[in-house]
Amino acid sequence: MKKLGIVTSGGDAPGMNAAIRALVRLSAWNNLEVIGFLRGWEGIIKNNFIPLNARAVSGILHLGGTILKTSRCLEFKTREGLEKAAKNIEENDLDGLIVIGGEGSVRGAYELSKLTDVKIAVLPASIDNDVYGTDETIGFDTAVNTALTEINKIRDTAISHERTFIVEVMGRKRGFLAVEVGLTAGAEVILVPEVEYDEKAVLETIRKNASIGKNSSIIVIAEGVGKTTSLAVAIEKNVGVEVRVSVLGYVQRGGSPTARSRYLASIFAAKAIESLLDGKSGIVVGIQKSEVTSISLEESCSNEKPLNIELLKLAEKLAI
Amino acid sequence: MKKLGIVTSGGDAPGMNAAIRALVRLSAWNNLEVIGFLRGWEGIIKNNFIPLNARAVSGILHLGGTILKTSRCLEFKTREGLEKAAKNIEENDLDGLIVIGGEGSVRGAYELSKLTDVKIAVLPASIDNDVYGTDETIGFDTAVNTALTEINKIRDTAISHERTFIVEVMGRKRGFLAVEVGLTAGAEVILVPEVEYDEKAVLETIRKNASIGKNSSIIVIAEGVGKTTSLAVAIEKNVGVEVRVSVLGYVQRGGSPTARSRYLASIFAAKAIESLLDGKSGIVVGIQKSEVTSISLEESCSNEKPLNIELLKLAEKLAI
Amino acid sequence: MKKLGIVTSGGDAPGMNAAIRALVRLSAWNNLEVIGFLRGWEGIIKNNFIPLNARAVSGILHLGGTILKTSRCLEFKTREGLEKAAKNIEENDLDGLIVIGGEGSVRGAYELSKLTDVKIAVLPASIDNDVYGTDETIGFDTAVNTALTEINKIRDTAISHERTFIVEVMGRKRGFLAVEVGLTAGAEVILVPEVEYDEKAVLETIRKNASIGKNSSIIVIAEGVGKTTSLAVAIEKNVGVEVRVSVLGYVQRGGSPTARSRYLASIFAAKAIESLLDGKSGIVVGIQKSEVTSISLEESCSNEKPLNIELLKLAEKLAI
Amino acid sequence: MKKLGIVTSGGDAPGMNAAIRALVRLSAWNNLEVIGFLRGWEGIIKNNFIPLNARAVSGILHLGGTILKTSRCLEFKTREGLEKAAKNIEENDLDGLIVIGGEGSVRGAYELSKLTDVKIAVLPASIDNDVYGTDETIGFDTAVNTALTEINKIRDTAISHERTFIVEVMGRKRGFLAVEVGLTAGAEVILVPEVEYDEKAVLETIRKNASIGKNSSIIVIAEGVGKTTSLAVAIEKNVGVEVRVSVLGYVQRGGSPTARSRYLASIFAAKAIESLLDGKSGIVVGIQKSEVTSISLEESCSNEKPLNIELLKLAEKLAI
């Protein structure tokens, strides 16, 4: 191992910069040269990169976003795009490529790994926490805390006006963020894509709350449930309480990473460098039951990470 | 003066509780009995109130929202509603009524003042900063800082993905919040209801930025401009950059008040109590050129607070 | 099981209120009556308590500190004090007592358990993370993030003035907080009680940093190392750089709990209630390798939780 | 006017970077070349500077500290140092020099102005708010809010443990920060250098609070009062309540500037550029009664900014 490429791909997540810093500095300890591709897969296809040394990653640990930038890259989903990417990482004499990103990045890395012998490892980083093979992704804890802070502010108005608020959090396919936020914010109702939508049950809960004098409720709903507006209408019409909707949106992606997101970035980076040096390839590193682990890209791609439904039940009990 | 009523009305604003605390405690120093009407004007109409003493307002200084709650009250906009309210404040033997709220509350207080001899004073509290007679309202500084924090987070993603973000802030009729947020967040474009909407100029700015390599821009737009979605479409179509929209929404109303919002609450409360004790009535207290002042409700109602257009020009110069 | 007592003991930690709320509400689901003793062990000895029902713990989830208050109680360390406490929990017809606190509270609970048949469980809550039997305590994650935020601010001045800052974090005997904070803040040096103090090595690191142009460094030191002042003097004298000391102090104990501290409070509470209902007693609940577990009070008291020294090495590598 | 120098001097304050950005960008609009001296006066004496253009100040608006760095410079207090500085600004063909700093920087600028014809203006930036000629300095509002946030956290522990906390804030000679923080944090006692220290009165207040059941109090004391430790001892001994001391320290200097600190930086910069272009020199810009103004360096140096003692009385009344 002499030369390493790094790329951040897909949606940005807080802690990606902490991961870049850790990878570059641990590479320095192992005398590895490092380059960083710009704008995700696009940078590999266009061979657009910058050199990265220990000084270049100074002062980035606490920054949200990614200094390597990221983008959606449709070309990478084509055979031609993948082949160009494979060709470029080889022509740059890379021995290893480390991809920092979410579930889509794992799939991309897997496809790329079929076309090249360059060793590939993925550091799971996503506010959605949707990567199979790790209990938690870099950035997830930050997003949860950001959403929590927002809901604390919204609750001020909810209580003062005695309104029900529907707060939509990110999560197109998965409800990890919604569950964690809902449980820790004390939301009265949590709605996720993994559980069949039951409007009647929600109405019943809000009605019951109103009947015992709880005039303000918070409903946390994952974007992917797709019922935010219709539910607001239904509650106003059927329960007769005032409802407001708040879509948290992009603030959930940004901000300085929490300690935990930085910690995961650090230990994942150490595992990835160590694994590549040990000759491993085609892996996703992660944390499972507090152990730093790695599984194959294939295994990660062919499994879906289960949501802990027990937490939903616990949240429901706690929000009486 | 022996007995005082307090009410919070209209949209909640951070610092309303600081104002309640200050009013109650300064009343205690002047041996005034205090009651707090619940849920805004509705509480006066329904004669729904609680006693408030110095201990009752302990531990509320740092809380967002209002412990007296607030609501929209259509009945108060009718002659019957106003008369019921006037009757109730008199039958409670009130010598004074202090209303904490925004522009709508000033209007309500003015109408009520025509029907009763009870002395009335308004403490301007609104995240919109729209009350004529004060340079700044309680809650405005907090809302500005909240929006600023949100935009800082959004900028992480804007830069990482090289996107243009349109950030919609509150302000149906007035652009005070948008200007202050836009200037201090370094927004590339600021759009307010007071200035005629010029889509072409915005497109030109975004295009020029792209041409000099500024691939991410922030556009701050006041809700009342009403062009958030159409502008996003126009930019994507005409300039060819990726655009995302973020509506900050209700988080702008909540949160612990900043020092400045608490400071205004304190000095406004002192002025209101002092004014009523001096026999004044029908006033809005405020701060003008750093002096604590008061003007008549009538004057406040019949004037519109001007927006400082110079700040827009300054913001534009600074965001090159 | 019909009646439960709850007490918070020792230093307060963010998330204690989240734990109280969870315990009370889960008790309600199991038809358990709950009382809360005031001011820690002192409240049990003096039989000073309040009833707690589901409504009484409303609105406390996000609050730092403990609504049950806490105190140091020397009397509880005497045989007489323990006997009074044992007598009181029995005379209140308690079936179970749940103690929320740190290492000292585990010891206290263990001593008490020898004198009574009332079932006792401990929820580990401490910013020091020093309880054997759980990988993490309630409040630890919050304290880490608070200290991180402080160091971010201090770094602004450190860089602007090109100074070395020695930041003292809490931890009289243990370095968990210092390690986690130091690693995630990118501290150049981390000093903990568990590792022998080597002033020469610290001087060497600061000197080397200065020689490569890193003119500002952060040294995170646990209070228990006891060398904060002498180290500052030694660096100024021997390396010739400006040094400033910042003792973070009590801010580390306070503040709204992070999502993770609230999450642990919730799952620990569920485990404690379930365990007592199952007839278990004399236990500390906790999380080990992501599983919610419990061990005996005796085992927790007779072992010392090991510090992960590997993290110190990783932090050192990352801070070049 | 063709060429401008900028320097940040004395203790760093949040918003200095916002001021640098505004100065550089407004200079660009006026076709002025700009250089930035490094490390305060030292940079002028050593002729150590960097060119600054509109792109160079991109992305710094929200950063605490100063990208130009700052330092204490004893040499500048000597005749030789001043002469070297005067010579360098002339040999660099500067037409104007803008100094960003506090009271000491105003004095330095005044001394320097006696030795050169280069036009000099000061932008008052200091967390101490101690510059005569402006109602508020850049950075003051940020420091107040930072201290407020800290005290909110400390109050959690103060209440939970029923302790009195003495919180020491910055301010060697002046009590502006202490008064504003104390008033808005609801401190029970505020101690500033401008008011004679009266230990007996403090003890009386704490005793009275304890007698009405207020078992936790916050005392805000400015560093310059110099009685932090002795007061703690006196209260413990004479009133018999537990006391803890928290010295907020350097965190008060750092952090992202609040909207208000950024706003002042923007309007002060506009005034300074405009004034120099108008041919003015030897001035401190500022805000007085909401108007952007300027006074002479001499006037600023020969007057002491008065503290508003009325606010202390108001704070006392509110904290019952």
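Every chain is named by a letter (A, B, C and D) in the order it is written, and numbering of its residues begins at 1.
Note that in this section a contact is a pair of C-beta atoms (placed from the backbone, for glycine too) under 8 Å apart; a residue touches a chain by one contact, two chains touch by 3 or more.
What you see is a predicted model, and the numbers here were worked out from it, not measured in a lab.
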Touch-network distance, chain B to chain C, counted in steps: 2
Numbering shared by both copies at the chain D-chain C contact, with half separating same from different: same
Inter-copy rotation, chain A to chain B, in degrees (Cα atoms; steps of 5): 180
Chain separated most widely from chain D, comparing mean CA positions: A
Centre distance in Å when chain C and chain D are each reduced to the mean of their C-alpha atoms: 35
Geometric centre distance via CA averages, chain D-chain A, whole Å: 40
Inter-centroid spacing, chain D versus chain B (mean Cα positions, whole Å): 28
Per-residue overlap in chain D, given as positions that touch at least 2 other chains: 152
Interchain pairs in contact, sorted by label: A-B, A-C, B-D, C-D
Chain D - residues contacting chain B, complex: 21-22, 25-26, 28-29, 54, 61-62, 135, 141, 144-145, 148, 152, 180-181, 183-186, 256, 258-260, 262-263, 266-267, 270, 288-291, 314-315, 317-318, 320
Residues on chain B engaged by chain A in the complex (per definition of touch): 8, 12, 14, 16, 39, 63-66, 69-71, 146, 150, 152-157, 159-162, 165, 244-247, 249-251, 253-255
